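Have a look at the structure below before the remarks.
The letters A, B, C, D, E, F, G, H, I and J name the chains in turn, as written, and every chain counts its residues from 1.
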Amino acid sequence: MKDLSLTDMLDKEDVTAMIIVAKKKAGLTWAGIAESIGMSPVWTHSACMGMNAFSAEKAAALVALLDLPAEAAAVLEESPTKVWEQTVPTDPCIYRLYEIVGVYGPTIKALIHEEFGDGIMSAIDFDMSVTRVPSEKGDRVKVEMSGKYLAYNAW
Amino acid sequence: MKDLSLTDMLDKEDVTAMIIVAKKKAGLTWAGIAESIGMSPVWTHSACMGMNAFSAEKAAALVALLDLPAEAAAVLEESPTKVWEQTVPTDPCIYRLYEIVGVYGPTIKALIHEEFGDGIMSAIDFDMSVTRVPSEKGDRVKVEMSGKYLAYNAW
Amino acid sequence: MKDLSLTDMLDKEDVTAMIIVAKKKAGLTWAGIAESIGMSPVWTHSACMGMNAFSAEKAAALVALLDLPAEAAAVLEESPTKVWEQTVPTDPCIYRLYEIVGVYGPTIKALIHEEFGDGIMSAIDFDMSVTRVPSEKGDRVKVEMSGKYLAYNAW
Amino acid sequence: MKDLSLTDMLDKEDVTAMIIVAKKKAGLTWAGIAESIGMSPVWTHSACMGMNAFSAEKAAALVALLDLPAEAAAVLEESPTKVWEQTVPTDPCIYRLYEIVGVYGPTIKALIHEEFGDGIMSAIDFDMSVTRVPSEKGDRVKVEMSGKYLAYNAW
Amino acid sequence: MKDLSLTDMLDKEDVTAMIIVAKKKAGLTWAGIAESIGMSPVWTHSACMGMNAFSAEKAAALVALLDLPAEAAAVLEESPTKVWEQTVPTDPCIYRLYEIVGVYGPTIKALIHEEFGDGIMSAIDFDMSVTRVPSEKGDRVKVEMSGKYLAYNAW
Amino acid sequence: MKDLSLTDMLDKEDVTAMIIVAKKKAGLTWAGIAESIGMSPVWTHSACMGMNAFSAEKAAALVALLDLPAEAAAVLEESPTKVWEQTVPTDPCIYRLYEIVGVYGPTIKALIHEEFGDGIMSAIDFDMSVTRVPSEKGDRVKVEMSGKYLAYNAW
Amino acid sequence: MKDLSLTDMLDKEDVTAMIIVAKKKAGLTWAGIAESIGMSPVWTHSACMGMNAFSAEKAAALVALLDLPAEAAAVLEESPTKVWEQTVPTDPCIYRLYEIVGVYGPTIKALIHEEFGDGIMSAIDFDMSVTRVPSEKGDRVKVEMSGKYLAYNAW
Amino acid sequence: MKDLSLTDMLDKEDVTAMIIVAKKKAGLTWAGIAESIGMSPVWTHSACMGMNAFSAEKAAALVALLDLPAEAAAVLEESPTKVWEQTVPTDPCIYRLYEIVGVYGPTIKALIHEEFGDGIMSAIDFDMSVTRVPSEKGDRVKVEMSGKYLAYNAW
Amino acid sequence: MKDLSLTDMLDKEDVTAMIIVAKKKAGLTWAGIAESIGMSPVWTHSACMGMNAFSAEKAAALVALLDLPAEAAAVLEESPTKVWEQTVPTDPCIYRLYEIVGVYGPTIKALIHEEFGDGIMSAIDFDMSVTRVPSEKGDRVKVEMSGKYLAYNAW
Amino acid sequence: MKDLSLTDMLDKEDVTAMIIVAKKKAGLTWAGIAESIGMSPVWTHSACMGMNAFSAEKAAALVALLDLPAEAAAVLEESPTKVWEQTVPTDPCIYRLYEIVGVYGPTIKALIHEEFGDGIMSAIDFDMSVTRVPSEKGDRVKVEMSGKYLAYNAW
């Protein structure tokens, strides 16, 4: 324990703070960072927030792009413990998503059962995109989710 | 009050129960009902569950298709009060959607702000589809949401 | 709607009540019912409680074994909506399991990450057994769970 | 109070932080640490997290292995106060275990009553293992729990 | 299912209601009932409330004493699912006990650890009495609890 | 405010921390401290935890025994504000007590009403002991509570 | 059980409903009922709501005054289980009292400690009145509470 | 921002801490402070705790009496944001008040409606006192509240 | 109790149900009902929902307009107990109002303090209107609230 | 990361604290600040609290007016994450608004549906004012809200 340095104590929260400052200083966007490291914007942002784990290769790419301390790479590769504090999110932008789950959750469930059988859409073998769709009545946000169908096991 | 009949007291919960029984007896699917009345499966199921209001024309079509009592039409046209009892849904299929909001909600928010500015995706001027995507590693559930971008007002 | 019979309205809760009465009258055990229909005791009990869906074949076997009304079979085959009312279970036998998740949950997570990588044990592609292990210091309950490892997707 | 040193104030949280840093620097795994001190991986990790108490012998072994300050040993031997902050865990890996308790808790209870009588599986006289089971359809996580059966007293 | 009688559907709540009425009509006390069936008042009341399971012998004694329907005996012998609805009890008499746990819980824990080691007092291998202690300054309620010490397992 | 010293700011939490360190350094037990100051172990521990107020005499005795700063005495004499953060305690040793209140609370209430009338056991005019009872089948923890009976007033 | 009549099943909720109807039909006020039975309005209303127990004499007086069934008297004499469902009351008139406890609770506590020592105001040996105080700026509601001071025991 | 001093950052919490220390050093009581500044003890304590706002005159008087920094006066005059963290207070002295609201809240409401009409007792145009009432059976705490009656508006 | 009729048992919930049916059968709107009885639409709807009390004159007018049973009038005149079950409303239309309180509540408070002093806007001496404001970019909902300013009392 | 300065780490909470101090030192009001930067008082206060985003122009105006560090401007322009910690606000001034939503929320919903159809009042395309209305019976607070009507989409 005698040779303990500051960077031995880095955790995902520290590295997220470093990323936010470095991104602002560099004038980058999340879409730009994502393109630079060859991943999608959704995954890149969530992993930078500490909600997903980087591969060694992608961690190295991010450290290089943003000039982070070398010790940050190992932290980026760690499996995160995913915690959200608000059972019901208060931010209006996020609450609308919660509301959609409340209103349409039983419908998504019913249509999965009708089309696939007794099972669920995985949130682990999962990907998502957020894009802009131009429209004359006002542009629209398009959120596309894709998760593997997992059938319940009977034994 | 003297000429009060049973159907004067019908509410959305009663009509939902009627629809479920009639659907089972007729051997219909939600997709089939939706096609018959010319609406999407997601909207049709949620409206049958009492989570959306029918237009007069669509209410009449559903009543005819499922041979519901005539009084059901007015109930289908009423604006629903949308209530869900579980703050955190326990059903695994619906919970996975809640989990996605917990894990990726801040990411969707950040990408909307980056792409559109300070605002949200509407959950009112909104539509959604659920489809099956074949895949060699196991078919996938695709959920597509589209909501109008609403910018915050400053005054 | 004119030919609506009582059994059109049967739901999983009704069928569970029928099963419990029939089991008591027949003097059967859960292990015995499970053996009769060729499934495990854990799955059989949970499906009888309305927490899992029967295949057509197994539903027919249960209906025959317990002399249930024919309409119960379709109900047994429906995909259940899994609801538990108590966020923290009060029954001491079930609470101990909740306590184990509280105390050892982070440990199971850490060992999965160490052995497999960033992912989870599936609760869908999952099976479980409960057995008795004789011991001189007092017999022990053995609970064995097995779930497919699911790796987080990066995209 | 005049000769109070820093290590007089060490608590379990401090020692856990020391262990995590020392483990990372030494390039050890939990399984490796467990083997070195002659305990199981599950127990070792939970005790290092401050969720179980070390015997004097095992505390000395861990302090030696990881080169911790000598004062850490007494802290490792203290009886922990076991606290978890999230009534419903949000991390997906841990939530799946909570979900299993919600779905299968009443089943485990029913099978214990059927096999043993009116009682519970102890969470105190208890042990657990987490292992990898190879499978062609994807390797599986196996969790085995064993707790002493405790019969309710009547008096 | 054809020969289903009312008493096939009896559950513990029904039998508790029968006991309360029968006790009132017979002018019995809990202490008197307990003495008649040869058990303690605490256990007898809690078992009559559906919080503990009767042995066959004691169930028969209670059925005879209170002239309950014969079918009640089997219900009394069932293992109960122990549920309390109020996380914090509002009744002042019960709340005071909750308050004692809040104020003195950590103290009881510390003294158990000091006297016995790392473990708990069992709430399963447990008994309790409530008695009156005369005192010049006003009589006192004495509650005595006794539970087996269970040491934490290390493995 | 000009002559404000550090010890002017001492609160009960600070003094509790001092006591814990001093007790460890002195190699004392709670039972030993209690005997030295002439109070019971339960009261002594709870008062040291800041859950009860010392008399001037007992505060002086504790300060002398543990060589605490003189200013600690006034803090020990203050009436505490009794706060517990967890509505349902998670520590297994304390949870068992909460469970006992949930399972047996209505029984204790019923027996008090039967024996004394409409009233409660005071948690203020109250004392408690925790002792070890040897037993061949494993030693037992005995918890004895005594509180004054308080009758409800009618006016 | 053979001679079970409806009134054997009366509980406090039933009797409260009877009182409310009878009071309305008789055109009585709570103050008038209280005067008739020789008790205070606060106690009388709370006891009629099932929140306090009648003496035999007062129960007989109320039964006579309101022409209740004879069996109601025994129910009025039972010790109530005091339950309120809303942790935070929503009715504005009751919420204001909750708010007063939130804002002034610590002040009442501090002044009790300053005036009496370490103890509380009893809510059991307690009485209360609600009266109207004329005032030119608008009449005022006066609530007077009186509870016995109970000193904490040290042992 | 260049000339920012420490006292610019003072908030009500800081000033409360100063008051508590100054009061202890000066050996004052709340009743004594109240008398010195010409206000009641209840209002004085609650305002010192940051739960009410001082007039300029009273703030100056308190600052002079306790020799607080001059900048504290402006803080004492600010309108407070009244926050209490515990929905249900755990301190026994404050909990008893909460219990009184739970048990007698509906009664106070009923008597206000009977005496005044449809309205409430104001918690804003409100005052309160806490006094000691000698009694042979033990002194009593008297709490008197007075709030303006506010009638509901109809429009 | 011998001459108890059904209408003696009417409560506000029953009368609300009668009003809703009668309104539908008569083809009336809330604005129309309000105009007929000479009150505002907001007050009329809330009072019909059981959230406000009618004067005798207005109750008679409503009973006549909707041909309600005569006994309904007394119920309409009773002071309501205002209860809402959802701490956070789920219906999107009502949630938006809750969100406005969350986002702008501290702002409304600050501006009231700046303009009026230390006090609040009354929710009792209060009125409100909801109107439609035509706009080229889409019509707007206008909600106007007016409540008497109440200054905090100091005493 | 080498040239990281303090102001790189500024977040909205820091800037809010700066604004409050600067406002106090400058002797400004919220109304005055709003007028200076050409926005409304409601929007200005909420944006200064970090609940709304400034345009570049308005951020520059505020920084100049209050002599804030230049780096504050970029922070003021960021899209906020809107968080409120108290599900039910305790401050009486804000609670009254919550109470209004509880009491009148369903009424506002019903009148919107009657006047506009199935939809909501937007909380995003939204503005609000708070003004003083003189009245002989005591001045009144007027809160006016205006939000765009959004109709539910059917698809």
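The criterion applied here is as follows: a residue touches a chain if its C-beta (ideal position, glycine included) is under 8 Å from a C-beta of that chain, and two chains touch if they have at least 3 such contacts.
Everything numeric in this text was worked out from a predicted model, so none of it was measured.
Interface comparison, B-C versus D-E: the higher count of C-beta contacts falls to D-E.
Chain centres here are Cα averages; for subunit D and subunit I they lie 55 Å apart. Averaging C-alpha coordinates per chain places the centre of subunit C 47 Å away from that of subunit I. With centres taken as mean Cα positions, subunit J sits 29 Å from subunit A.
Multi-chain contact residues, meaning those touching two or more other chains, occur in subunit F at positions 42, 81-82, 84, 87-88, 90-92, 99, 102-103, 106, 109, 113, 119-120, 122-124, 126.
Contact between chains, using the touch rule, shows up for A-B, A-C, A-D, A-I, A-J, B-C, B-D, B-I, B-J, C-D, C-E, C-F, D-E, D-F, E-F, E-G, E-H, F-G, F-H, G-H, G-I, G-J, H-I, H-J, I-J. Against subunit F, in their complex, subunit H makes its touches with residues 17-18, 21-22, 24-25, 67-69, 86, 88, 90-92.
Taken in their complex, subunit F has these residues touching subunit C: 88, 90, 92, 95, 99, 102-103.
Subunit B contributes residues 29-31, 41-42, 45-46, 49, 51, 82, 84, 87-89, 91-94, 96-116, 119-123, 126, 128, 130-133, 135, 137-149 to its touches with subunit A in the complex. By the touch rule above, subunit D contacts subunit E in their complex via residues 39-40, 42-43, 47, 52-53, 55, 58, 79, 81, 106, 109, 113, 117-120, 122, 124-127, 150-155.
Those residues of subunit D that touch subunit F in the complex are listed here as 1, 4, 8-9, 74, 81-84, 87, 123-124.
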